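Listed after this line are the structures, all set down as C-alpha cells.
Shared chain: chain A. Partners: chain B in the first complex, chain C in the second.
Right after this comes the complex of A and B.
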C-alpha cells in the first residue's frame, strides 16, 4: 500500500493544540491583570511565526540563505497600508493581493540566487534590505518617508479588529493556516524538489528538477508568507516606519529558524516563540540580577544572551529545539532499552 | 418614605464610590511615572543622561515632601530606538507596571509608534524628548494626550532661515540633514521657508550614524553655499565643520537644537569657531534662574561632571514641567485631571524654557528659540527669544 503524506506522524494532538491556542487568552486573562501586555508579545510572535515558517521553506528546505526578510515584511506592511488606506481596497482583498505582490518581489530577488549561493546570496539579500529602506524614504508621498505611516485597524467582513484581544484571534488563525499550508507544501512534490536542491544541486538536476524554476518558486512562496505577515504587522501595530525593519530583524529571523531547527516547520514555530518570549519576557527578568556581575545595558544584555544561545545550539544541538523534542520523544518511546551513546 | 429615599441614595453613592477604579500609578504615598529611553541603541549616550537629569529634579522635589505628599518614582525602559520595542515597553509600563503617565519618551518614530496605545488607554505623554513638530499636531491619534515642550525642528529651521536672510538677503543656503524622521521634519520647515521667501535651499542628506561628509561638503562647495544649516546631533556638526575646514570651505555654519551640545565647541576646535545653534531652552551654565538652581542641586547631590550639560539639564527642566502638571492635577490626581492641569499653564515661566502655554487647541508648549554662538571656544547667547 502506498503510504499517505502524514502516515508517519501522530496527528491526534494537533486539534488539542489548536484548541489550546484559542483558550490561551482566556487562561491568561484569568491568571494576570496585565494580560494585554503578554497578549501583545504573543501577537508579535504570531506575526513572526508566519514569516519564519516561510523563511524556513527558503532557507531550511531549499538551502537558500536570506538576510532580507525584514525587507519583505516591510514591503508587505507598506503595500497593505497603501492599498487599504490610500487606494481604498478592503482589508480582505489586501490579504490576497499583498502576499502576491511581495511574492513577485521575492521572485525577482530569486534571479541572483540562480548564480550565487551561501554567504554571497545572504549579502545580496541584505543589500536588497538596504535598497527597500531607501525606496521607502524616496517614495515619501505614499510611504510618509522616514517619518513613518499610521495604519488603520483591520476590518474583517464588517467586524473591526479593535485591540490586542481581537488581534490575537486573527493572527493565530492565520498563523495556524500558514503552518498547515507550509506543511502541505514541504510534504508535496514541490517540497521534495526543494529538499533535493538543498541536499545536492547536481543530483537534483540529474533527477530532472529544473533548478531555476524551483529556486525562484521557493523565493516566491517565502515572499508570500512574509507579505502575509507584513499585512498583519501593519494593521495590528497601526504604525510602521523604516526603523521597524532594520537588518538586525532579518538576522533575528535567521536565529529563530536556527534555534528552532532548520528544515522543520514546527521548529520555526518553536524557535520564534522561544526567541520572542526570551527577548521580551525572560531576559528582562534576569537582567537586574545579572547586571550586578556584568555591567551591560538592557539591549546589550539581550544581544549577549542571543549570541550565547546561538553558539550553544550550533555546537550542542544543531537540530534545534524541534530536534531536541524528537530526541526526547524517541528516548521515552524505547525506554528503558536506550543504547547508551545514541542520546548524548 | 423620604428617609428611605435618602438612605437608598446614600447606599447607591457608596456603591458608586466603591466601584470607582483607583487611578493607575497613584497611591497615598507615591506617583509612578514611566519613561522610555534608548539605553543601548544608536542614541545610548543620551539614554543614561536624560533620566539622570529628571531624577535630579525628582530627588529634590521628593526631599521637599513630594507632590501633594506623594513621592515621585520613575521607571525607565529601553527601546533601543526601535519603534516595535517602544510599543512593548509602553505596554509593559501601562498595562503591567500601571504607571500614571508616560514622560520624556525619546525619539520621533518611537513616540509615533506608541500613539495608538496612549489613545486606547487614555494615558498622557508629557514632554516627549523629540523636537519633531508632529508631536504637537492635535489632529493625530492621541494628539490631545501629548504635551510637547520643545520648539519643533520645522519651526527651528524656519527661524534659522529667517535669521540668515535678515542678515544677508543674498545668502545661498545649504542644508545637511539626517535622512530619517528628524530630517523629514527639518525638510518640512525648509520647504515652508522656501515658499515664504521664494528661495531655493540646497539639500544634502546623510544617513544616521554617518562619519564621512566629504560628498555633502563637496556638493555644497559646488553650489557655492554661503550659509549651511546642519541638522545632525553631536558628532555630525563636528565632522562637517572639520571636513569643510580641511577642504578650504568656510561658510557660516548653523545647527538645529540637538547640535547645541557643549561638546561641539570642545571637539570642533578652531573649525567650529562662529558656529551658531538654535536652542529651545536657556543654557545650563547661564544665569537663568533654573540653570542656577540646577547647578546648585548638581553640587548638592554630587552629580558626576561628565553628566552635567545640555542633555542632563534638558531632563531636569522637563521634569519641572511634569511636576507643575502634577501639582495642578490636585490632591486626587487622575489622568484627566493631569490633562486639565497641564492645560491651565498660561505663559508659565519654568525658569529655562520660554514661557509655556497649553490649552485644548494648543499642545505645542514653546514656539521660540535662542541662538547660541561659539566665540573663542565658549558658547555665548547672541539673541533673545525669537519666533
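Right after this comes the complex of A and C.
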C-alpha cells in the first residue's frame, strides 16, 4: 500500500461529516419553525470559519499574532461591494479578484512583521485595523462613509442567492473548501516551514528557510482567506458598515482560534462554532429561562454570562476544545488501561 | 502666528496631563508584562472600576458628612486604594494562580474574558444611565501669560509624578522591588535564591490594580460623563506602552506623555489650522506608533531581546 498524506487521520468520517453539513438545514426545518433565524446564525459562523481558518495559519501555525483581522474582513467586504455594485464585475469574478487584493494588503502589513514580533506585531495589526476603519469613512464617495453601504444579492452563474437557505449552502460549500485547502497547506512543505518558524526562527533559518519569504506568504494566505470571507459576508448580509468590523471582533477572532486550540485547523472550526453559537443561541435561551424568575438587564447579562463561561473554560480547559477532543480520543483508545491521574 | 504658538502650548499642557494618565495605565500593563509576560487586556476595565468605586465612595461620604469638601475626596481616594489592594489579590487568585503553568496565550485570553466580565458587571450594577463625575477642584484655573492651566490638570501631573517617583524608589531601593526585578528576569533562578515568587506575583497584580484604580480616579473628573465606554481608553494606552517599549517603566511614561500631547494637539489647534488633520485625528496615534516601530522594533526605550537557540 502506498501511504497517503493523511495517514494519521481517520478519513472515512470526512464524507459523512460533509453530508451531515448539507443535510443539517433540512433537519432544522423539520424540527423548528424559526429555522431561518438559526440558519442565519450558522451562516455567520460559516463566514467566520473561513476567516479563522486563515487566521489559524497565520497565528497558530506561523506564530505571528494578528489583532487586525476584522480589517481584512472589512477590506474584502467593501472591495467586493464596490467591484460588483459600482464597477459592475460579475460576482464570480469578484470571488477571485477580491481575495487577491486583500492578500496583497496582507502582504503590505506583513512588511513590519519582518522586524516586529510578538505583542508589538499584535498592536501594529490592531493599529492597522483602526486605520482601515478610518480610511473607509474617509473615502465616502465609494463606501458610503459611516452610514454604511447596501450590497446586492449574489448571482452565481445565473442563479440568484436569495435568502438564508441559499446562503447556507453557498457559505458552507466554500467553508468546506477553505478547510480542505487549509489542511493541504498545513500538511505541505509550506505548512512545515510555517511551523518551523513558529517553533524557532533561528533554527528555521539555519535549516534553509527564507524567513522573509515565508512570513510574507503566511500573511498573504491569511489575507486571502479573510478576503474570501469578506466577499461572502458582504453579499449574504446585504448591508455593511464600519460597525460590523470593530476592533473587538478582531479580538474575538483570536479568541475563537484559542478556544479551539492553537495550531489545528479543526480546532479553529470548532472554536468558531462554539463561540458564535454560544453568543447567539444558548445564552439567549438560557436568559429567557432565567427571566421568568428574576428581572434582568437584557444585553449586559448576556455579555456577562459569555465572559464568565469563557473564563471558566480557560481555567479548566486551557488546551482548548480540540485538546479536549484529543484527550477523549486517547482515553477511549487505551480504555481499560488508563494510567490514573493523567486525564483530569 | 502667536495665536498658533499659544494654542500649541496650551494644548501641550493639557496633553501632558492626559499623557500622565495614559502613562499610568501603561505602567499597569508594563508591571504585569515585566513580571509574568502576560498582556493584561483588562487594565482599562480596572481603571473604569476604579472610577466607579471612587464615585460611589464620594457620594456615600458626601451624604454622610452633608457636603463635598477636601476630606471627602481624600477619604474616598483612601478607600479606593484599599479596594484596589483587595481587587488585585482577587485577580491574582482568579487569573494568575490557576493558569500558572499554562501558555501565556491562555492567560491573555483569561484577561480578555475578565475585561468582558468587569465591563458588563459594572454596567449591570451601575445601571444604564451615565454618571456625572465631580472634580475636587471645580473649574478653577491659573493664568500664566496667555496660557490657562486648569488646577485639575496640574493636580493630575503632580500626582502622576509622585506615583512614578514612588515606583522608581520602590523598584530600585527596596528589598521587595529588587525581588520583583529578579523574578521578572528569571523566575526559576529567583525561586532558587529564596524569593517567594508567588507572593511577588501577587504583589505585581496588586500594584497593577492600584495604578489602574488611581488612573481611573484621576481621569474621571476630566471626562464629561462616566460610563463603561471609559474602559476603551485602556486600548488607547496600549500604543503608549508599546511606543516606549513594552516592559520598560520609563518607556511607559515617555510613551504616554508623547501620545497624550500628540492627541490633544492634533485634535485642537492643528485641526483648526489644517483641514486634513480632522480626517485622521483619531488614528494619528496609531500612525505614529507604526512609524516608530518600523525603525525601532522594540520601542523607544525597550531593550532588544537576545535570543539563544
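Throughout what follows, the second predicted complex is superposed on the first by the 311 of 344 C-alpha atoms of A that agree within 3 Å, B and C clash if a C-alpha of one lies under 4 Å from a C-alpha of the other, contacts with A are read in each partner's own complex, and residues count from 1 in each chain.
As a convention for this text, a contact is a pair of C-beta atoms (placed from the backbone, for glycine too) under 8 Å apart; a residue touches a chain by one contact, two chains touch by 3 or more.
Predicted model only: the values in this text are computed from it and were never measured.
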item	value
Which of chain B and chain C A:190 touches, first, second, both or neither	neither
Which of chain B and chain C A:97 touches, first, second, both or neither	neither
A:18 touches, of chain B and chain C: first, second, both or neither?	neither
Partner chain(s) touched by A:314 [first = chain B, second = chain C, both, neither]	second
First, second, both or neither for A:150, with chain B first and chain C second	first
Which of chain B and chain C A:300 touches, first, second, both or neither	both
Partner, of chain C and chain B, that touches more residues belonging to chain A	C
First, second, both or neither for A:123, with chain B first and chain C second	second
First (chain B), second (chain C), both or neither touched by A:34	first
Touched partner set for A:211, first chain B, second chain C, both or neither	neither
Doubly contacted chain A residues - partners chain C and chain B	297, 300
Interfacial residue positions of chain C with respect to chain A in the complex	33, 39, 41, 94, 98-99, 102-103, 105-106, 109-110, 112-117, 119-121, 123-124, 128, 235, 238-239, 242, 246, 279-280, 282-283, 285-287, 289-290, 293-294, 297-299, 307, 309
Residues of chain A touching chain B in the complex	34, 36-37, 40-41, 44, 137, 140, 145-148, 150, 163, 237-239, 241-244, 246, 280, 297-300
Complex contacts: residues of chain B adjacent to chain A	39-41, 44, 47, 77-78, 80-84, 87-88, 91-92, 95-96, 98, 108-110, 112-113, 115-116, 120, 132, 134, 140-141, 179-181, 183-185
In the complex, chain A residues that touch chain C	112, 115-117, 119-120, 122-124, 126-128, 130-131, 134, 138, 200-203, 206, 247, 251, 254-255, 258-259, 262, 297, 300-301, 303-304, 306-308, 310-311, 314-315, 318
